[in-house]
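Here subunit A shows up in two complexes: once beside subunit B, once beside subunit C.
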Partner chain A sequence: MANIRVQTADFSIGAEYAALAAGRTDIGGLASFVGTVRNNAKGRPITAMTLEHYPGMTEAAMARIAAEASRRWELLGITLIHRVGTLLPGDNIVLVLAASAHRQAALDATSFLIDWLKTKAPFWKKERFLDGTDSWVEARADDEQAADRWS
Partner chain B sequence: MRSVKLLYFAWLRERVGVAEEDLVLPANIATVADLLTWLPQRSPVHAAAFANTATVRCAVNQDFATPATPISAGDEIAFFPPVTGG
Partner chain C sequence: MRPAGAILLGAILFAWPALLNGYPILFSDTHAFLIQAGDWRMIWDKPFAYGPFLRLLHQGVSLWGPLAGQAVLVSWLLARLTGAAPIRHVALCAALAIFSAAPWVTDLLMPDIFAPITVLALYLLATEARLSPALLVLAGFAIASHLSHLVLAAACIALLLLLTRRWRVILPLALALATLAGTNLAFYQRLAISPYGAVFALAHMTGDGLTAPVLATACPQSGWSLCAWQDRLPTDSDRFLWNADGPVWTHPGGAIGLAPEAQAIVTQAVRTEPAAVATAALSNTLHQLTRVSLGDTLGPDWLEGSVTNSLTQYFGPGELPSFRASRQADNTLAAWASPLNPLHATCLVLGTLATLTLAWHRRHTNAGTLALLILLALPANAFATGALSGPHDRYQIRIAWLVLLPGLCNWAGAGVGPRARPRQLAK
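Moving on, here comes the complex of A and B:
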């Protein structure tokens, strides 16, 4: 049921909405989250962000996360798209779509999916600063706390 | 003789200097914790990469592992920092 992709190319939220809902009349609510590249890290301007992942495990981890969402909520469709490679400020990074008969399941599942994607899928971000130096992004304790509130 | 494949990601890959390596495990290596104790002894770059194992995470055969996770011949064992996707 879940549409899971890891890709360098951009995605269109409109096209993904249409694909998820195509031919369906049982969906009553479709919720979305789009993560994008912010132009600064704690106020320090960044010029690019590179995303690395663990091919094979990434897709498996995303499938496990989608399966867990489907176990917790009555969902009619899930789309998870995560980009990798070098991205620029303003670029899309990640798309989460969740469809259900009713809004609350779609909204809660979307929130759950992005929280777990951030903490349970093997992606790593590296930021490039104006002076040309690079730095790996450190995991944030509040991301862990956000993921833990679902356990 | 037990051979395993090690994979490194993000700053662990940069510090070790390779993305993967094939290793033959000494007989006394049974778990991820054993590997984390032994790997830094292999070379100065391994010692630098694994200097602070509090910031090292592990997956065995593409599933998140803990220090107690057993390892066996043919396993794919990955080391990486805490994930930062999304």
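Moving on, here comes the complex of A and C:
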């Protein structure tokens, strides 16, 4: 049921929405989340973000997260798309779509999916700063807390 | 029968496991290679070589293309090696198809088949009268296709230089090194052969208990992230590398971020515990030498969500259903292969005895050179994989079948090399 992709190319939320809803009349609510590259990290300007992953393992982790969402809510469709490679401020990073018969399930599932994607799917992010230096993005406590609220 | 027809027939014989399966045999890493050239991007632990090879031959149409390419390459190389008459070539291919794992390795869409191709192509480069550009490119590509092939090639080249004094055998290794350094420079802006390979060495050395003493001495003043794992280091290298809660995945930079630290720890372990490192390497090499069973790449493990995504993304709508209809996807392929293991093991023992005999009795001829080369290539491959990464059946099965070649060539009355001649012994 879940459409899971890791790709370098950008995605179109409209096209993905249309693909998920195509031919379906049982969907009552379709919620979405799009993550984009911020132009600063704690106020420090960044010029680019590079995302790395491990093919196969990462998709498997995403599939487990989608399966967990499907176990918790009655969903009619899930789309998870995560981009990798070098992205610029303003670029799309991640798309989460969750479809359900009722809005609350779709909204909650979308929130759950992005919280767990942030903490349980192996993506490694390196930020490049305006001064030419770069550093790996450490796990953030607030991301962990957001994920923990679904435990 | 025409020679081209014999090569084609030989290739079909090598394709029998895929035909039985209903699809080429895949491994979860096949997905990474498909991405490599599908998206034109680097995967941190894989040389940028085999992915473009797959892309060149599948063209977004079908993975049967790369399979056909690999089968024809192996058949062509064997024909060139033996110079046998067409019918004898077909007989030799049939024997290998039945009595060895060669067709199973050929039909796996991974760089594994390029390990034996490295050995055979280097042998031909050293023994043929003229330098063949095709062989040079093939050998260079084969070496570049997997990092373990660098060690294998270095060992083979050293022996061939000693025996034949043909310096041109160095050229493919130079070509491979230039390819690896060039692609790492282009993608990662790092002039390195394997920028992040130390992570694998760290994983297996940790599994062997070799890094704990280093951490005990260096932590916490070193500031290494692994210090936090000092009391709970995974004892299995695969868990170290691939567990979602393990030291690699939880590092902010994953394997890439951990690599500098891994390099420092590995270097320190080798420097302070050379005897223990050597003993572990020897033990793993010997263990790897005996791991030659079919099976560990024949199931559907990890294929769903990995290669199934690639088949959807890079191919037409018919490709994924073709894979899903295969015995591998259905988890029944291994049951067809496992009865062959006792037969293959027996043949490997007999082949080793024949190769040892030929290495001694034909030591002044090309046949003796080939036998010696294969006898060296097997432990070299076991060291490059078992000692540097960790023993797995897949690593040794890819090359062990070469030990059948000298005896089969002798049985088929074929030479080894189109101009089989007494070898000029090195002075």
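Operating definition for what follows: the second predicted complex is superposed on the first by the 151 of 151 C-alpha atoms of A that agree within 3 Å, B and C clash if a C-alpha of one lies under 4 Å from a C-alpha of the other, contacts with A are read in each partner's own complex, and residues count from 1 in each chain.
In this section, contacts are C-beta pairs under 8 Å (C-beta built on N, C-alpha and C of every residue); 3 or more make two chains touch, one makes a residue touch a chain.
Keep in mind that what you see is a predicted model, and the values were worked out from it rather than measured.
After overlaying the two complexes on the shared chain, residue contacts for A:His82 are found with subunit B alone; subunit C is out of touch.
Of the two partner chains placed around the shared chain by superposition, subunit B is the only one that A:Ile114 touches, whereas subunit C remains out of contact.
Once chain A of one complex is fitted onto chain A of the other, the partner contacts of A:Ile4 are limited to subunit C, with no touch recorded for subunit B.
In the superposed pair of complexes, A:Val94 makes contact with subunit B only, with no contact to subunit C. Of the two partner chains placed around the shared chain by superposition, subunit B and subunit C are both touched by A:Trp124. Of the two partner chains placed by superposition, subunit B and subunit C are both touched by A:Trp136.
When the two complexes are overlaid on their common chain A, residue A:Gly35 makes contact with subunit B while staying clear of subunit C.
By the document's definition of touching, both partners, subunit B and subunit C, reach A:Gly56. When the two complexes are laid over each other on chain A, subunit A has residues 52-54, 56-57, 60, 120, 122, 124, 126, 136-139 in contact with both subunit B and subunit C.
Those residues of subunit B that touch subunit A in the complex are listed here as 7, 9-11, 59, 62-64, 78, 80-86. On the subunit C side of its complex with subunit A, the touching residues are 28-29, 31-32, 35, 39, 41, 43-44, 242, 244, 249-257, 302, 304-307, 309, 313.
Put simply, subunit A touches subunit B in their complex at residues 35, 51-54, 56-57, 60, 82, 93-94, 114, 117-126, 136-140, 143.
For subunit A in complex with subunit C, the residues that touch the partner chain are 4-9, 52-57, 59-63, 84-85, 120, 122, 124, 126, 136-139.
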